[in-house]
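Here is the structure we will look at, set down as C-alpha cells.
Order of writing sets the labels: A, B and C. Residues in every chain begin at 1.
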Amino acid sequence: MVSTRYAVRSVGRNVRRTILSVVGIGVGCALAVFMESMNRGRDELFARAAASSGIGHVRVVPRGWRERRDVRARLADWQHDRDVARSTPGVASTTIRSRTQALVAMGTHVVPVELVGVDPATEPSTFRFVREITHGRYLRPGEHGTVVLGQSIADRLRAGLDDDILATAVGPRGSIESAMLRVVGIVATGSEDADLAVCQVAIEDVTKLTGLKGAGEVVVMAGDWRAADAIRDALTQRLTGGDEAMTWGELAPEFKGHNEQDKAAARFVRAIILLIVLLGVASAQLAAVLERRREFAVLSALGMRAGTMVVLVLQEAAALGLAGAVVALAIALPVVWQFARTGLDLRSAYGSSNFTFSGAFMEPVFYGDFGVWIVPWVVALAVGATMLASLYPAWFAARTDPAVALRVAQ
Amino acid sequence: MMWCRPLAVVALAIIGMASIPPVPPAPDVDALLRHLDDLYRSKSSIARIEIQVINPRTTRSLRLKAWTRGEEHSLIVIEAPPREAGTATLRVEDNLWNYLPRIARTIRVPPSAMLGSWMGTDFTNDDLVHESSMRRDFASRVDRRSDAPAGWWLRLDVKPDIVGRWARIDVLVSDDDLPVEERFYDRKGRLARTMTFDEVRPLGGRRMPVHLTLVPADVDGQRTEMRYLEAQFDVALPEDTFSLSRLEQNR
Amino acid sequence: MTTLRIAWRNLWRNPRRTALALAAIGLSVGLVLAYDAMLRAVGDWMVETITGPLLGHVQVHAADWRKDRAMDRTLRRAGALCDAIARDPDVGSVTARVYAPALAALSDEGFAVMVIGVDRARETGAARLLAPDAPAIEGKRVLMGRALAETMNAHAGATIAIVGQGADGSLANDLYTVAGLIETPMDLVNRQGVIMALGEAQALFSMDDEAHEIVIHARDAARVDAVAARLAALPILEGADVLDWKRLQPEMVSMLGVVEMAWLLILVLVFVAAAAGVANTMLMATFERTREFGMLLALGLRPTRIVAMIVAESVALGAVGAAAGAALGIALVAATHDSGVDFATLTGQGTSAISAMGIRWSLRMYPSLAAVDLVGAVGAVVMTSMLASAWPALRVGRLQPARALRS
C-alpha cells in the first residue's frame, strides 16, 4: 500500500523526530506500568497486614464461630482439617491454635488475657510478633507449662523471665481450674494493645486447663495471597462436621474495608495515569503533525486521497506505538521485576527507629506487582494511546487545503 | 513463768532452732496448721459479717448474712446499705446466681465472670473457692519466737508442683494458737499482701479473731476489712436453704 | 523586554501549535493537581475510617485507667472538662463516654457485656459510632451489638437486665428495653456492646458528672499532634492521660504509613510523567521549527537572541499553561471539597458505600489542596518546559542556515 511505504520512509526521513516520539511514548508507558505495578502492590499490603497479625490468609473455624466468635469453640475434627489444608495446592504453611479467656496472676496483680495455645513449631510463620522475642526465647515444641507474654502483661503483673505465674480459666463443666506457667519469653511489640494479645502456651496446656479437646482454629498461609479465595473454596468442599473456612477479608472486615476503599481510589488513579500518558503522547503527535502541514499539503496536491492520509497517519502511529512499547518494556520490565522481588524498605525511608512502625503488624516493605499482565498492558497502552492521540491530527492532516497550506510561510 | 526445759530441748532438737530466752513449748506445726485451716471452716454455718473496702478514691461498707454448707454451698444476702439490701448470691457447686430485688430478677453468673475479684474486694477467687490448705500445700517449720505479741512465727514454703499464687507465707500464731498475722509472698519472693487478725472474742462457741484486715503490699491506701458480728457453726440447716426458690423469697 | 514581547507574539503567530502546547501543559498540571487532591482525600478518608467510629483523634482518660479499666478511675467534672476542651479552636467535637463491664440477661442466663454510655447527639454521623438512622437511645432504651444479640437470642423490643458494679463499688442493676441492634466496624461493640445514653449510664453506675473517656475530633486531621499537645497542657486536664490516636493504635499507623508511602511514590511518578509529556511536546514543537530558525539566522539574527527567544517562549508557555491548569485544579477541588466526590459512581461501582460483612464503608471522599501542591506542580512544569526547549535551543547556535532552510 502506498501509505505503508510512505509511512516507513517517513520514519527514516526524520530520524530525530521518530526517535523523540518513540522515546517519549516509551518513557511515558514505562512510567505508567510502574505506577500500575504499585497500584496493584497496595492490594498486597492489606492482605499482608491482616495475615501476619495472626489472622492468616485463610482460617478453618468451628460451626457458628462466624457469628458468635466464641473463643472456646472447638473444631469438629481438627486433624482432618489440618490434613486437608496441608494437601490443598497453594498452601505455604499451616498452624493450629486453641484459645480461652483466662486470668493470669502474680501475687495480687491480675490481668485478664486471652490464653492462646499454639504449636510452637509452626506458629512463627503466621504471627509476626513471635518471630523476634525481645527477652528470653520462644516456646519449644513438646514443652509444657511455659508461656510467652507481651511486655504490657509482664509489666502489669510485675513479672519477668523465669517467673511462675498462675493462670486461671473455666474448666470442664464450669469449674475453675488453675495452672502454673513459667515465663520463658517476653515480647515487646511497641503497642500496648498488641502486647495484650500475646499470651502463648503449648496447646496441650490450654486443653488441660479447659478440658476442651482439640484445636479451635487451623490457620493457613498461602504462597500467593491472591489465592486466598480459591483456597477457601477448595477447603470448604473437603471440610466436615460443620467446620468452615474463612478468608482474611471475612475475618478482618476492617482490613478488607480499607482495601476496598483503596481500590476505589486506585481506579481513579489508573484513569489519571492513563490520561497523563495519553496527553503526553497526543500533544507530541499533534505537534509533529502540525509541523508537517506542508508535507501533507504536497501529498494532497499530488492526489493522495483524504482517507489514505488518515490511514497513513494511523499506520505511522501504530508503528511508533509498537516501537514505544518495546522501549517501555525494556525500561520497565527489569525495574518492576526488581521492585516486586525486593520491594521498597520503608524503614530506611522513615528512619529505622521511627515510632511509626513500632507495633506494626507487618514489615514496612512495599512490593510492586509483577505478572503476565505487564506485556499486554504496555502494548495496548502504547499502541492505543498513540493511535488515539493521532486521530485528531489524522483528521486535521486530511482536511488540509493544499493551496492554503503551501502558501503559509513556515 | 513456768517452762519445761527438757521438753523445750527436745522440741528444739527436732526443729533445729537455737533460742535462748525462756520460751513456751514450741508448737507442733502440723497440728497448728490443721487448727488454722479449720478455724473459719465448719460443716455448716450461719454468720453476719461486715465488710469494708477502702481505697484512695472510695470507701464501701456492706453488712451481710451468710449461710454455708461444706465447701460447695453458700448463700449470701446483703443487709446494708439499704440501697443494696435484699441482694443475694447463691453458690451451688460451680454455679453462681445473683438475685436483684430492685428489678426482681435472678441472673446466673457465667463462669468466666467468676474469675475476677470477689465483690470488688481484695479477696481473690482462690481465697473463697479454691481449696488451698496451708497444711497440705506448704512445707512448714517454726521460724522464730515473737515476744510482742507473744507467739511463734511459722515459715511456710510452697511444695513443688503446687498450683497457687504464694511461694511463701509467714504466719504469726499467738500462744493461744490463734492467727495474728499472715504475710503472703508471691512467686518472686516479694511481699504481696498482709492479713492481720484481731479482736479475739467468743464466736459461735469458738474463740477466734473476728476482725480480719487484708492489705495489699504495693498499693497505697487500699485495704479490705471483714468483721464477724455473730456466727453459729455446725448448725442444722433446712434442706432447701440453697435453692433458687429460697433465693428469691423475702427473708 | 523586547525578547519577551517578540516571544509572546511568536507564540500567537501559530495559534494552533500554541494552543496545543497550552492545552498539554494546562491539562498536565490539572491532572497532577487532581491526583494531589485525591491523595489528600484518600489519606483523610483512611484516617477517618480508623478514627471515626470509636477511636476519635484524641482521647482523654484518668491516669492509669487504660491499664486495668477500673470502674472507679474516672474523670471528674466531665462536663467542665468537655467545655474547656471545646474552646480550643481546632477542636471539632468533644464527647464523653462511660465504659462499664457488666452482665446482661434476657431470662436468667447472664452474659458478659460492655455497657458503653454515649452522648447520642455527638456520636451520630456518617463516620461515627451511631448511624443517623439508628434507633434513639434515650432513657431506658438501649442498642445491642448484633453478634451479642444473636448470642443472647435477643431482638428489638426485648427487656434485658443489666448488672454491674458502680464507680463507688455499689451494685448497679436495672431493666432496659432493646431499641434496636447495631453493627459497627468495631468488633468489641458488635460482640459485647450495649449502647446506652450517657446520662442513663452515669446514673446507673453512680457516676455523677464523671466519665471514663473523653473523645475529641479535630477539625483538621493533619493537626492532631498539635491539638493533643495543647490539650495536654490545659490546667484543667492536669494529671489526665491525653493521647492521640496514633499512640493509641500504632498497629494501624504502620499500615497507613506504608499505604501513604505508596501513594506518594506514585505522585512522584505522576509528576515525572506529566513533565515528560510536557517535555516531549516542547521538544517536538521546537525541533519542528528548525526551518524557521534557519530563516532567522539567515536574516542576521544572532544565535543568542534566538536562544533567548525560545527560552522566553517556553517560559511564557509554561507559566500560562500551568496557571490555567492550576485554575482548573482549584476549580475542581472547590466544587467538590464540601460535598465530596462519590467514588463509587465515578468509577462505575454502583453503590456509594460498600457493605462488607454488614459493615458500611463510605466511598465518599473530600478532595483538598494545599499551597505546596500548587507551587510544586506549577514550578515543576515551568522548569520542565524551560529545560525541554533548552536542548533544541542550544542546537540553534550550531545551525547552518542553508541546511536548516532546506529541512
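Note that a contact is a pair of C-beta atoms (placed from the backbone, for glycine too) under 8 Å apart; a residue touches a chain by one contact, two chains touch by 3 or more.
Here the structure is a predicted model, which is why all the values come from computation and not from measurement.
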item	value
If a chain touches chain A and chain B alike, it appears here	C
Contact-richer chain pair (by C-beta pairs counted) among B-C and A-C	A-C
Chain of greatest Cα-centre distance to chain A	B
Gap in Å, rounded to a whole number, between the CA centres of chain C and chain B	59
Mean-CA-position distance for chain C and chain A (Å)	22
Numbers and ranges of chain B residues touching at least 2 other chains	112
Touch list for chain B against partner chain C, complex	53, 55, 57-58, 60, 78, 81, 83-84, 87, 97-98, 100, 102-103, 105-110, 112-113, 120
Residue ranges of chain C in contact with chain B within the complex	72-73, 103, 105, 108-112, 161, 163, 165, 167-171, 173-175
Touching residues (chain side chain C, partner chain A) in the complex	14, 16-17, 20-21, 23-24, 27-28, 31-32, 34-35, 38, 41-42, 45-46, 49, 66-68, 147, 150-151, 185, 187, 191, 246, 249-251, 253-255, 257-259, 261-262, 265-266, 269-270, 272-274, 276-281, 283-285, 287-289, 291-292, 343-344, 346-347, 349, 354, 356-357, 359, 361, 363, 365
Chain B contact footprint on chain A (complex, rising order)	101-103, 105-108, 110, 112, 158-160, 163-166, 168-170, 173-176, 178-180
Footprint of chain C on chain A - complex, ascending	16-17, 20-21, 24, 27-28, 31-32, 34-35, 38-39, 41-42, 45-46, 49, 53, 67-70, 111, 156, 190-194, 249-250, 253-258, 260-262, 264-265, 267-269, 271-273, 275-277, 279-284, 286-288, 290-292, 344, 346, 349-350, 355-362, 364-366, 410
